[in-house]
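I've put the structures underneath this note.
Okay, so chain A shows up in both of these, paired with chain B first and chain C after.
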Partner chain A sequence: MTRRIIRDLPLNRVEGDLEIRVELEDNRVVDAWSSGTMFRGFENLMVGRGALDGLVITPRICGICSTTHLMAAACALDQIAGVRPPGNALRLRNLTLMVENCQSDLRQSVLMYMPDFATPAHAAHPLHAAAVKRYAPLAGERCIDVVRETRKLLEIIAILGGQWPHSSFMVPGGVTYIPNLAELNQCRGLLQHFRRWYEQQVLGCSLERWQAVRSVSDLDAWLEENDAQRDSDVGFFLRFSRGAGLIGQGRGHGHFLSYGSLDIPSGSAVTGGEDRYLVPAGFRTADGRIEPFDQSRVAEHVASSWYEGVGGRHPFDGETVPLATGADGKKYSWSKAPRYAGLPAETGPLAERVVGGDALFGDLLRCYGPDLVSRQLARLVRPATLLPAMETWLDELLAQRDQPFYETVPPLQQGRGFGLIEAARGALGHWVEIRDGKIARYQIVTPTAWNGSPRDDAGVRGPWEEALIGLHVADIDNPVEAGHVVRSFDPCLVCTVHVVGADTTPLRC
Partner chain B sequence: MANTAVICLGNRFIAGDALGCRVYDYLTRISPRAAGIDILDGGLCGLDLLRLVEHRQRVVFVDAVAGLAESGATVVLSRAQIAAHAGGYGHGAGLPYLLQLLPALHPLPLPEIVLVGSEGEPDAPMIRQVAELSMEIAVHGTC
Partner chain C sequence: MSLLNAAAPEVGDLFRQLDIELLWHPSLSNDSPAAHDALLEAILAGDVALDILVVEGTIVRGPANTGMFDTRRGRPKKDLAAALARQANHVVAAGTCAAFGGIGTNDTLQGCGLQFTGKTPGGLLGAEFRSRSGGPVINLAGCPCHEQAMTGTLSALAGGQALALDEFNRPLDWYGMTVHQGCTRNEYHEYRVEETDFAQRGCLFFFKGCHGPLADGPCNKVLWNGRSSKPRAGVPCFGCTDPDFPQSFPFFVTRDIEGVPISLPKGVSRAHYMVYKGMAAAAAPNRLKQRETKI
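Now for the complex of A and B:
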């Protein structure tokens, strides 16, 4: 007899306040709802403040990707000012954003995603004991190592930006500080150390060897090539995932979005795509077509979100007016539902690779679909794509330190601008309108709003709601399978949902 | 770098979490400053506090607490007591998470670590009391 039930899934180690409700039929997910459960109100908090206040306030949205919000805020103000910062400012901004993304990718992979491999739900897996030793929360040897090494890497932002997190060293026209040669050399040493560690421990091989992996068959050969690669974090992740039957699980809609990121300075030795970005922009449809990205096609729906309004609105026309009612039963999340050309879109490292035409991830999609293993693998190996450019930009800063880091801009009185970048979790946009020197409108669309969105006006599920459909959950009281799916999107609900009660007051002691 | 540090934590934009910031303001206005003790603003850092702890002999954290004392009362907690509140890793992983991992991250011996805290919106007497107690522990330890 078929048994249908609706359950709220207990998911820990998901950043922020998230509830996942699923409808199960004989332990298989047939419907899903994702709810961001905390209203924060940063966008409304910005209105009426000084034109530059976003540079100080928006980095406080999140403690793990504060440089990311600073970058988006600064880019929006660059546009309003009508200025492209000098090459050295672009190098320094890019470098710090890439550092932040590298630390986030590794902390998410090793401290948030892989600990699922150490749960009793995988006790029968032949690699379970090794997974416990490596990834058990607060004790796994790889967890300790990642905390130690990512902390060192972040010193680069502290040196170049004054502090991490919550720095405000980017301003319209450039950056506020010119590092001296000793500081740049110190950053070079930190980056070299990180690269060496990443190659030895995370990849088990050189960046060049990894970059030669261009197909599923190459990946299979790489995995069997030597013990260092098999025992690396990437090797272990692949072996465990295959043994646990995770390949092909957690497929989303198959639409991918990248805003493009990391503006390449004129004259740089770093090369990118036609659009002058190291990470290309584009939209990939489910049938595999890649279209140019056009920000005017972004809209946010609120039919299922606790906000007033109807229809999809472009962020320049967007409102954030809370409407906390469940009266009609349709609204169930504080996250809005962003759509591109009317479609839900997955964003993040996998989207970056797919939109950019990466051979390995294109082949993985052809073989297994847009599954959770490809999604998480893309995150774990993204630093391999960033590190060479980071080194080049640091070398160029050392060689051209006498060139400008800032171009004077007049006070910002009127105008509209957007800052669109690729954050650790994917496409992040700040849309800003300035009137009479004050912020008249500030709309932020985060990567997790894209990935964790509720249903839109047409009732279409968001990406990770869709990715849960069809998933078999062996034990609904310990839904580790659902955890794999949702965590593979690297959710950050604290950024997404737009005063917290006594029961959730952070307790630091 | 001094062997002892008083590291003040908190968010000055949230009254109930501003104790550390207000104590930092108080301690950095005192003249002359205590020799051999660094007074540091740790802001909202979590794992990044590690570099402020490394290579010290004694560290006194100052922070607001919740649910551990009557409003207005001052508490002193040991490293183990703070670490006992560590949960799983998250983007807001803070002092408990760091102190739980510290024995694995830091060469032995660990510095003596305590936290001086108080609950509720800090007023001038509370700020002075916490500041003076923090400095007393920084100089003499908890023994």
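Now for the complex of A and C:
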């Protein structure tokens, strides 16, 4: 006999406030709703403020990716000012953003994702005891190691930008600080140390060896090659996932979006794709076509969100009025539903790889679909693709220290601009309008708004709602399987929830 | 998240050393949702002792005082926070939002702090509130609060040591000094050698809106990430430890009257300050004016 039940599942260990509601039929998920439970109204606070205030307020949206919001805010203002910052400013900005992404990828993987392997729900897994030893929250050996090493890495941002988190060292035209030789050398030392650690502990091999893994069969061979690789975080993750039957689970729609990121300064030894970005931009549809990205095709829907309004709106035209309360009915989230060309889109490290035509992830997709294991693997190994460019940019900074880090920008009076970048969790956009020297509109669309979006006007589910469909949940009181799926998207609800006001409600201070 | 950055001792070690058992943390705990519910019930029933409650984030009261802009399982979180505070031996507000309302203190969110709204006593719990140990909510102001203020406060509370507090219930050990004290740009400030644009060397007080001489905090004493601070890196202090943070006027500019900042360093009289700065600028040595110093 079939038994249909609806359960609310608040998830712990996500960066924010998220509740998932699933409908189960004989322990299989037949429908899912993802709901952001907090309305923060950040963008409302921005209206009427000083033109540069986004550089101070938006990093505070989230404690784990503050440099990322700073970068998006600064890029939007660069555009309004009509400047491309000098090469050294781009290098310094990129480097700090990449540092933040590396720490986020590793902390998410080891402190947020892997601890689910250590729950009693996986007690029967032959690797469970090892998982507890390695990944038990706060106590696991790998958790302690990752906290220590990522903390050290973040010192680079403090040296170059004053502090982590929540600094505001990127400004339109460049950066606020010109590091000296000694400081850049300290950064070099920290980066070298991090790379060695990442190779030894996380990959179990050199970056070069990892980069030679270009297909599923390469990956199988890599896993069997030696103990260091088997026992590394990547090796353990793959072995545990396979043993737990996670391969092929948690497939999304298969639409992937990357805004492109990390503007390459002219004359740099770092090379990127056709555009001048190290991380290429693009949209990949479920049938495998890759289209160039066009920001005018982004729209946000509010059919399922607790806001007034109808139809999809581009962020420059976005308006939002929160409904008095989270009333029932069709609306169920404080998060809006962004769509690209009318379609939901998954964003994040896997999207970056797939849109960029990466061989390994292309093959994984062909073999297993856009599943949770590939999604999480892409995150765990992303630093391997970033580290070489980080080293090059740091060397170039050392060699060209006497070149400018800032180009004077007069006070901003009018204009519209957007800052679109790739955050740790995927596509992040700030759309900003300045009028009479003040912010007239500030719209932020976060990666989690994309991934964790509710249904749109057409009733189409958001990416992780879709990825939950068909999932088998053994114990509905401890639905670790649903946790694996949602966590593989690296959810961050802190910054998802948003509203823009066309009115000029002043801040009450 | 700033806590994860605590340098020494490492977070896990800190808890072990102090014999603190972490009952629950949104980012770190591994309990199932059912176990989390059971834990909350046990605490509220008084069956599990809650020695230190640490609250992060604005207390959201909107819309219309219902708190429904921030819920857990359809119920306002503010009610949960108040109920837990009544069971706790010590209550700590981590960050300016939890302490004073911060960024959420607007008409929509109707945010407040645990025991203050801005500079006004009251907040969620009321000015008279005392935790079971007899003390008010300890306010670790800052956005975020400095990791050392957090770990140091937890150490002191776990060790049964009393913390002296200022008028806004911020512990003097970390808030009994200004951000300006210890800044590497102090000598520029002394002689009024100014940064007029970004990426220069000079003091940020006169043009770039630095709050260092007005803000209470250890940023230039214990430094961030053990390395630096915003003013050292050319970023003005935004006064994030102030109960009224964030200010309503623009950041990155100093409001002035005829070249004299409207907000003067803490406790300084305007008349004296004008005379002193005039003389100081005249006395400024060339090595500072010409930026021969490499700091």
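Convention: the second predicted complex is superposed on the first by the 492 of 509 C-alpha atoms of A that agree within 3 Å, B and C clash if a C-alpha of one lies under 4 Å from a C-alpha of the other, contacts with A are read in each partner's own complex, and residues count from 1 in each chain.
The rule is short, and it goes like this: a contact is a pair of C-beta atoms (placed from the backbone, for glycine too) under 8 Å apart; a residue touches a chain by one contact, two chains touch by 3 or more.
Not measured: the values here are computed from a predicted model.
Participant: Superposed on chain A, are chain B and chain C clashing or fitting side by side?
Facilitator: Overlaying the two structures gives a clash between chain B and chain C.
Participant: First (chain B), second (chain C), both or neither: which does A:Cys492 touch?
Facilitator: first
Participant: Report for A:Val175: first if it touches chain B alone, second if chain C alone, otherwise both or neither.
Facilitator: So A:Val175 only meets chain C here.
Participant: Which partner does A:Ile434 contact after superposing on A: first (chain B), second (chain C), both, neither?
Facilitator: neither
Participant: In the superposed model, which partner reaches more residues of chain A, chain B or chain C?
Facilitator: C
Participant: For A:Cys187, decide between first (touching chain B), second (touching chain C), both and neither.
Facilitator: A:Cys187 contacts neither chain B nor chain C.
Participant: Tell me which partner A:Gly161 touches in the superposition: chain B (first), chain C (second), both or neither.
Facilitator: A:Gly161 contacts chain C only, not chain B.
Participant: When the two structures are overlaid on chain A, which partner does A:Ile144 contact: first (chain B), second (chain C), both, or neither?
Facilitator: After superposing on A, A:Ile144 lies in contact with both chain B and chain C.
Participant: Going by the contact rule set out at the top, does A:Pro115 touch chain B (first), chain C (second), both, or neither?
Facilitator: A:Pro115: touches chain B and chain C.
Participant: Do any residues of chain A touch both chain B and chain C, and if so, which are they?
Facilitator: 12-13, 15, 63-64, 107, 111-112, 115, 137-139, 143-144, 147-148, 151, 154-155, 158, 163-166, 505-509
Participant: In the complex formed with chain A, which residues of chain B make contact?
Facilitator: That would be residues 9, 16-17, 43-48, 50-51, 61, 63-68, 77, 81-82, 85-86, 88-92, 94-97, 100-101, 104-105, 115, 117 of chain B.
Participant: Considering the complex alone, what residue numbers of chain A touch chain C?
Facilitator: 8-15, 17, 19, 37-42, 44-45, 49-53, 55-57, 60, 63-64, 107, 111-112, 115-116, 118-119, 121, 136-139, 143-144, 147-148, 151, 154-155, 157-169, 171, 173-178, 180, 322, 324-326, 334, 405-406, 408, 477-478, 499, 505-509
Participant: Which chain C residues qualify as touching chain A in the complex?
Facilitator: Spelled out, the residues of chain C in touch with chain A are 1-2, 4-5, 7, 10-12, 15, 22, 24, 26-34, 36, 60, 62-64, 66, 68-74, 103-109, 118, 143-144, 197-199, 219, 223-235, 238, 240, 244-253, 294.
Participant: Along chain A, where are the residues that touch chain B in the complex?
Facilitator: Its residues touching chain B are 12-13, 15-16, 62-65, 107, 111-112, 115, 137-139, 143-144, 147-148, 150-151, 154-155, 158, 163-166, 492, 494, 502, 505-509.
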